[in-house]
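What follows is a single structure, and I will ask about it in a moment.
Letters A, B and C mark the chains as written, and numbering starts fresh at 1 in each.
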């Protein structure tokens, strides 16, 4: 189950190594396994896209890396979970706090609710920088202004005194990005950073994240349910379904030769400009399994899969190399040509 | 801000007007036999007609209301039938004691209610949470007068402690005077503290689930900073509004405590006035206390605006 | 609470059911019984709210005690047993006797009747007033709402005990007057909660649907609005009973409650005087325990019902704002 070494990055050591991550939740009406044996590496400076429907475990995976899952009810297990050589599973709370916001930072989905409504932007920006970089006074304010300027906010001095409700959604997300990058982290985790925003602003924010992380040499993870959003901004893509990785490939390859029927379905459900007008947009029929109630024996996607056979229902496929750098978890990977 | 205050003040006027009207009505519906009793039992006048004249009940209702409002606006709440003193003077003489008692109870309430509520929320579903929650429901269910009576009876039986009968005026010995209020204010604070604790717990639990708490944690802030700086302020805003409602409750409670611990405050005065059938005093105290509570609620509303930047003026 | 277009009252009542109740309750197959949701609520209470169920058991005990008081009581509550004053608890007098040689146990058992009568009367009157005001204010809004809410503001600024004492001092002693005083002290706050519940459903799709197909106002009010405020009313009534029992006890303690010789728990705590209590501490313990247990029972049951029926009601403060 070890992922094959990435050919083009063989020399570089991964900054984040996750191997066999399992996240369980014990709830009142039963146990739920939200993340099932997920393994991946993240290399310095690269951009990884993580795609899947809501509830597929993509957010939980990265919240677990930050150890932001409340335990209990959650429980995080992994064979290995290391950040630049440091074991994240065994790290003390104090060690984790030194990593959070400093070495690994996070941008969340809804900028409306992710900022504290009763504290000014300045206050919320300063506290992280103060904590991790030890700046204070004038240099602290200068740093905040510089960051706000960098994310394209005009009149940054004024904005420091604003409360979140006085800003628009797009500006708030820029503030969140500025806050996340304030301590020059090695990794930026962006959890659906554009879902709650207007369509016109989504693209700006995605490009801002791409450009800034590229400039700073920060590795980034872009978590989204929209395959279109990661097309132009990521190096590699990991597709998740029902708590597992179903396909992992470099971005161009994934778009050119998707092998998992689920990936193919996702690709076909992206609206395209070059499609003839009036053609109905494809949507994958059915709904993802309820991880709380259903026990999944075979492939979790089988009930919705057009190619499903007996084997698919009986036995779960594992994530196997299909081509160099291209991993697929599907019995039918070889004959799953894109159709339609 | 100025506009907000002006608007709130303007909204206050109809409420005050209504309150004064209600107080006026309540006292006017005294059945005829009450006046008879006032004459027969208390000897406030030689006959009913005279007493009616003294009370101004012989005039037409609109006339009565006009006099009542005009006098009230001048700060004249009438004259006590019992003592012959102006009611306002009698009230203001007793007010500081009641005020100190209520303030001390409020102090204990906040001192215990908020930290315990936070603790209960942070330890949700542990034995400590269950214990604190049971204690708070217990605190809400135990009548304050029973608790006070228990303290007095068992204090005397076990520790030979008897609440002092002679009240020490604040001017004579401030510390000893405040010391006399410790037990009554503690008893008074039990139910208030329990409800503040429940409210704080509920709000803390709600706030701790908010996205911005996750953001704060993702910054690497310590749990302590997350709770104090990011969660507490947001949780306490709704708790503040509960405090407004509790003011009325608190004033009611002082009546009982002053009665049990024989403290010459406003509550005791009201009870005495009821015993003496001193209606001008009853009317005056009602009007005075309601106005006071309306003003306190206004201050709380304004504080609300200061604490929550989302409220627009 | 799910909001769907409804045609019949029955469905509307079914909509009260919280979405996390067992799916079987939703099953359309058999015609749903009108009070099905009450049974579900009961099952849910016992299953998930042990403290609430305990409260319910206390309430049940209290009700049974009140109904069967003459059967349970060992003596006549007002009978004076000669020289047997201040007898400590024992096999003859379970809770001892008071200064007038009356059996305390029997007085407390009969006291449940007094508490419940006053409580039910006061809560019934208070909830009736609150519902009328809350529904009118919330449903019709506008000037009527403004006027009614200013009145409610005014009434709520009277401290509960002061309102009750004043009313009692004017009306004079009597059980009916106690009920009236308690209701007057309590209805304003309840009307706020009902108003906000009405506001919440007023704009829901099915009320709009009913209006759009031309239902008359009274029909909408009775068929759609009222059943949907049943949940908050149930919660308010349960918590209100606890408060009313507490308030009656306080009023009686101060000497303005239910007139003697009726065995009121509150009066038992004051009537005997401190001297007697020092010689017979059981006179303090048992009546107070009875009040606390009754109030505790209603509070726990009310809290549990609130949690089960409507999470929105948690924190009455926000309903007021």
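Throughout what follows, a contact is a pair of C-beta atoms (placed from the backbone, for glycine too) under 8 Å apart; a residue touches a chain by one contact, two chains touch by 3 or more.
These are the chains along with the protein names UniProt gives them: B, C = ABC transporter permease.
Just so you know, these numbers come straight off a predicted model, no measurement behind them.
More C-beta pairs touch across the B-C interface than across any other pair of chains. Seen from the Cα centre of chain B, the chain whose own Cα centre is farthest off is A.
Averaging C-alpha coordinates per chain places the centre of chain B 23 Å away from that of chain C. Note: centroid distance chain A to chain B, computed from Cα atoms, is 54 Å.
Residues of chain C touching chain B in their complex: 51, 150-151, 153-162, 165-172, 189, 242, 246, 249-250, 253-254, 256, 266, 269-270, 274, 277-278, 281, 284-285, 287-288, 291-293, 295-296, 299-300, 303, 314-318, 320-321.
Those residues of chain B whose C-beta lies close enough to touch chain C in the complex are 14-15, 18-19, 22, 26-27, 29-31, 33-34, 134, 137-138, 140-143, 145-146, 149-150, 152-154, 156-157, 199, 202-203, 238-239, 241-242, 245, 248-253, 255-256, 259, 270-271, 274, 277, 282, 285-286, 289-290, 293-294, 297.
Note for the complex: chain A touches chain B at residues 66, 68, 93, 96-102, 105-106, 108-110, 113-119, 127-128, 131-132, 163, 165, 176, 179.
By the touch rule above, chain B contacts chain A in their complex via residues 210-212, 214-223, 225, 229-230, 233-234, 237, 307-310.
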